[in-house]
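Presented sequentially are two complexes of chain A, the first with chain B as partner and the second with chain C.
Moving on, here comes the complex of A and B:
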C-alpha cells in the first residue's frame, strides 16, 4: 500500500498536478470535469481509468484528441466497470506470479459512468463487479438524465422533471416515477464502501475517495453533477445549484460502510426549502403553475422522510 | 497528423498523451510535460468564449476556490498561489467569478474584446452593502 496523499486544506490540494486536460468538449460549466478532477487529484498513484458511453466519454476522447493523462479505455455503454475489473484481475494475477515489471507502483482502478450507464444500462455489469469483489471504484456522475443524447429520462430522473421522453405539458407534469436509490442497492451487495458525494463539498469528497482507495474491495460513489443544458440553468450557477442540492437535502451526503453502517457526513446549518432548489432550474419550471403546486409539497415531504430515515439509520447503527 | 477519411479510421485507436516516456505524471507540472499532439492540452477552445475572466491579483487571497471548481483546468495555480487564467482552455463559464469570496471579487467577467489592463485599472471598489 502506497502512502496516501495528504490534503489538509485547499491550498495544499492546489499543488496537485492535474491529470485531466482542458480543451475537452464538455459544455461550459459542466460539473463532470470538476468531479473527475477531484477524484484524480485525490491520489498521486497511477490510475487505470475507464468511461462508459456518455457525455464524459464522448467529450474527452474526440479523435484525434484525448483529455486524459492516465491509461484510459472506453469500450461500450454498459461495460466500463467490467473493463476496469478485467484490468484489475490481470494486475492481481501478474502480482501473484511476480511478473509485474514495476511492482513498486500501486495503480488505482476507477471507472466513470453517467447515471444512464449505471442506473439503467450498465446496472447488471456493475452489480457483477460488486459481487465478485474486484478492487475497483465506480464513480457515477449523476446528472439525472441522458444528457449526451438529448435529455431522455433515465431511472435517475426525479418526479416532476421535464425530460424529452417525459415532457411536461397540458396533460403531464413530466417524469412520474421516483429516482432509484442506487447507493442503498449497491450497499446491499455488502461492499466495503458506498457513498454519495457532491463536488461543492470537495473536502468531504476527497476524504471519501481516499477512503475508497484505501479499502480492499469494490467501492461505489454516487456524485451529483448538475447539467447546465438539461437542468436548464446558467453555466455560472453550477456550484450554486450543487449547494442548493446538498443544503436542501435533495442530495444528502452520506456513506455506507460494509453494507450496513451508515454515516451522514454533511449536515447543513440552514436547511433550504426544496422549493428553492426546484425554482433554480428550468426543468421544474412547470411545477410552479397552480395545478402542479401540490407536487412541490410532495417533494418536500419525500425529502424530509428520506432525511429522517437516514438519521434513524445512522442512530441505530444497523 | 494527416487527416484521415471517414472509412480509414482504425477500429480501436490508441492515442498517446505524451511523447516519449513519462514516469511520474502526478509529480510533473503541466509546463514540464512532453505532450504529444494527441493531447487536448495542445488544442484550444478559446473561440467558444463570449466573455472572459480577468484576474486582478491585488484582491486575491489565494483561497483556491476557483482552482478546485474550474471545470476546464484553466486556473493556473503554482506553489499555493494563483498566477493567472489559461486562456487557451477557458470556456468562459464564469464559475470562478461566482465562487470568488473576496470583496470586490478578484476575478470578473468581461467581454472577450475587453482590454485586460484598462479593466484592472477601473476595477470596481469594495461593495459596502454586501459586506
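Moving on, here comes the complex of A and C:
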C-alpha cells in the first residue's frame, strides 16, 4: 500500500524531511523548488524522478553535486516523461521476475518538466506516455517561457507577454497567440487524473498529488510557477504573484477525472481583476500604454469566459 | 504471467530479423522499447508475437517514435535491467540525440541496427549510411554478415555491453533485406545455453535500488565534461577489445563458431584484397576464391568490430598485401570513405607499402555483383603489376552514366 504523508499545517510542511535539498542553484524566489518540495512531500514512498532539460535540471544536478536524495534521471529536453516511463517499465518487469532488491517498496514515478519541455518539444513524448497508460505522473513547472535559456516564448506564453522571441516593441505588444490548453489536451487522452495546481494553495496541491499517486495509470499535473526573472517581479513577491494568478482566475484550480469529470477545487472569495495580476509583472508593462489597454479588457473577457466554461463543465458532470 | 521456453531445431531457417528476435527472446531481455521501421520491423513484430504467445516475461513497450524508443531504453537501463531495441535508417537518425546520451550515461543497451539508406531520396533498401551516422556516438558496433552472425552477435553484445568494466551500449548491424530478409540455415543454441552465455543481468547504479538513490544524466560543463568523454573513449579503446576477445572465445567454446575483430579470408599470401562490411563480405570471399583460380592471389578482410575500430588488427591483417580496396557503402559526401580513411590511418605509421584505393558501392541497395568484384580485383592486380595506382583513388561502382572517379 502506498504511504501518504499527513501534513496538518504549513510549519509542519516546511520542516518535513526532504528529498530535494535546499542546496541548489535556482534563483531566489523561484517557484520551481516550492512545487517540487510539495510534490515530493506528498508521499513517504520511494520515488523515481526525472527532469527534462531546463531550469530545474541545470540547477540541481551539476557534476559532481546533486540536490536529489531520490533516484533521478535527466536525458534530454523532450524525453523526461519517457525516461520515467522506461524506468516504470523496468520496475514492472523486475517485479514480475522477482528481481526487485526491495520488493516490498511501492515507488512513485514522477517526471518534472517546464512548459517548453511539455507544451512544445516534449509534447509527443508525454502524449505517448499518457496513451500507453504508464503508472507515472508528469508535472509541468509552467512559467510560461523558456526561462533557462533567457526568456524565449513557448506555446504556454500568454498573449501580450513580452518574451525575447516575441518582444514588445515599437509596433508590437509582444506574444500574439493564446496559451495552449494543455490540461484539456492531456485529459482528452482519457487518463485517470489531470489537474491544475498552484504552489500557494499547497493543501489543494498535496491533495491532488496524493490522489494522483493513488490512481492506476498516468497522471498529468500543470503547476503554475511564477518566474521572478522572466515575469519580472521582486523575488520576495513569488507567493503574492501566485495569489494574484489563482485569485484572478488566470490560473483556475481544477481537476479532470477519467478524462471528463471536471471539479473546480478553488473558488476565490474575492475575485481579483486580471488587470492587477498583469500590473504586478514587468512582462506585461507595455500593455498599460493607451494603445494596448484594449488587450487588458480582452484578457479579462477570456478569463471570464474560461471560468464560465469550467463551471458549466463542472455542473453538467460530463 | 506464463513464461515458456521454446524448443528449437538444431538448424532453423531464419532470416536475419527473426534470428535477432530469437536472440532477444533467449537473452530474456527485461525491457524492449521499440518503434517499427522497414527493414527492422520484423524484429519488433517477432518479439511482439513471442510476447503474445507467452515466451517473454519482460516488458514490451511499443512507443510513438524511435526517439522515444531509445529514451525509454535509457530510462529502463538506468532503472537496472537488460534492455534492447531495433531500428533502421530514418528511425536511427531520429534516435541520434539519445544514442550519445545512452553511451555518455554508460548504460548497457543492445540496438539491432538493420542497415538502410538515409533519405533523400527516400529509400528502404540496404546501405551503411545509418551505420556510419552512428560511428562517433560512443557505442560499441558489431557487424553481422549473415543471419547466423545476427543471431550470435546479439548474445555477444549483451555480454560485452553489460560487463561492469565496460558499461557501454552496443549496436549489432546487419544489412537491410540482404541479411534481414534473406532466410538461411541458422545453427541455434537452446534457450538454456543462450541464457547461460549472456548470464543474469547484474545491476549497477540502478535507480530501483531504493537504499542507494542515484543521479543519472548530470550537467558537466568545461570543468568536467572533457574528463567524462575522455574516460569513455579510454574505456572503448582499452577495455572493450579484451572483453570482446573473451566473449568471442567463450562463444566459440559454446557454439564452435569463432568470431574475430577482423575476419581474414585467404589473407596469408594475398597480393590483393578488399576490405568491406556486411553481406558483401560473403560475396567478396566467393569471388576471391574464383580469382585465385585465375591466378590472382586475392583475399578479403571483413570488419567485425567497427567501433572501437581494430586499428592494429587491421594493420596486421594488411601488412603483407600489395594492393587494397576499401569498400564504403555510404556516400562520403565530400571526402574519402570512412573505411578508406580508417585503413589509411591504421597503415600510415607501418612499414607496409601497400597501395590503397577507395570504392563507393551499393548505395540504396544497389547490388554489388560478382562481376563488379572480378573487375575490382583485376584493377588491383593491374596496380600491383604496374607498381603504382593506375586508377583514381576514389571510384563509384555500378552507378549509371559516365564513370564517377575522384582524387
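By our rule, the second predicted complex is superposed on the first by the 309 of 318 C-alpha atoms of A that agree within 3 Å, B and C clash if a C-alpha of one lies under 4 Å from a C-alpha of the other, contacts with A are read in each partner's own complex, and residues count from 1 in each chain.
Keep in mind that, in the parts below, contacts are C-beta pairs under 8 Å (C-beta built on N, C-alpha and C of every residue); 3 or more make two chains touch, one makes a residue touch a chain.
Please read these numbers as outputs of a predicted model, since none were measured by experiment.
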Partner chain(s) touched by A:63 [first = chain B, second = chain C, both, neither]: both
Partner chain(s) touched by A:152 [first = chain B, second = chain C, both, neither]: neither
Chain B versus chain C as contact partner of A:100, first or second or both or neither: second
Touching partner for A:48 - first (chain B), second (chain C), both, neither: second
Touched partner set for A:239, first chain B, second chain C, both or neither: first
Contacts of A:87 with chain B and chain C, given as first, second, both or neither: second
Which superposed partner A:125 touches (first chain B, second chain C, both, neither): second
Partner chain(s) touched by A:76 [first = chain B, second = chain C, both, neither]: second
Where chain A meets both chain C and chain B, residue numbers: 46, 61-64, 66, 68-70
Complex interface listing, chain A residues touching chain C: 46, 48, 50, 57-58, 61-64, 66, 68-76, 78-79, 82-94, 96-97, 99-102, 105, 107, 124-125, 127-128, 131-132
Residues of chain A that touch chain B when the two form their complex: 10-26, 28-34, 37-38, 43-46, 60-70, 199-200, 202, 234-240
Contacting residues of chain B [partner chain A, same complex]: 1, 9, 13, 15, 17-18, 25-30, 33, 37-45, 48, 62-65, 67-74, 77, 79-80, 86, 88-95, 97-99
In the complex with chain A, residue positions of chain C that touch it: 1, 30-31, 33, 57-59, 61-65, 67-68, 71-81, 83, 97-98, 101, 105, 203, 206-211, 213-221, 224, 228
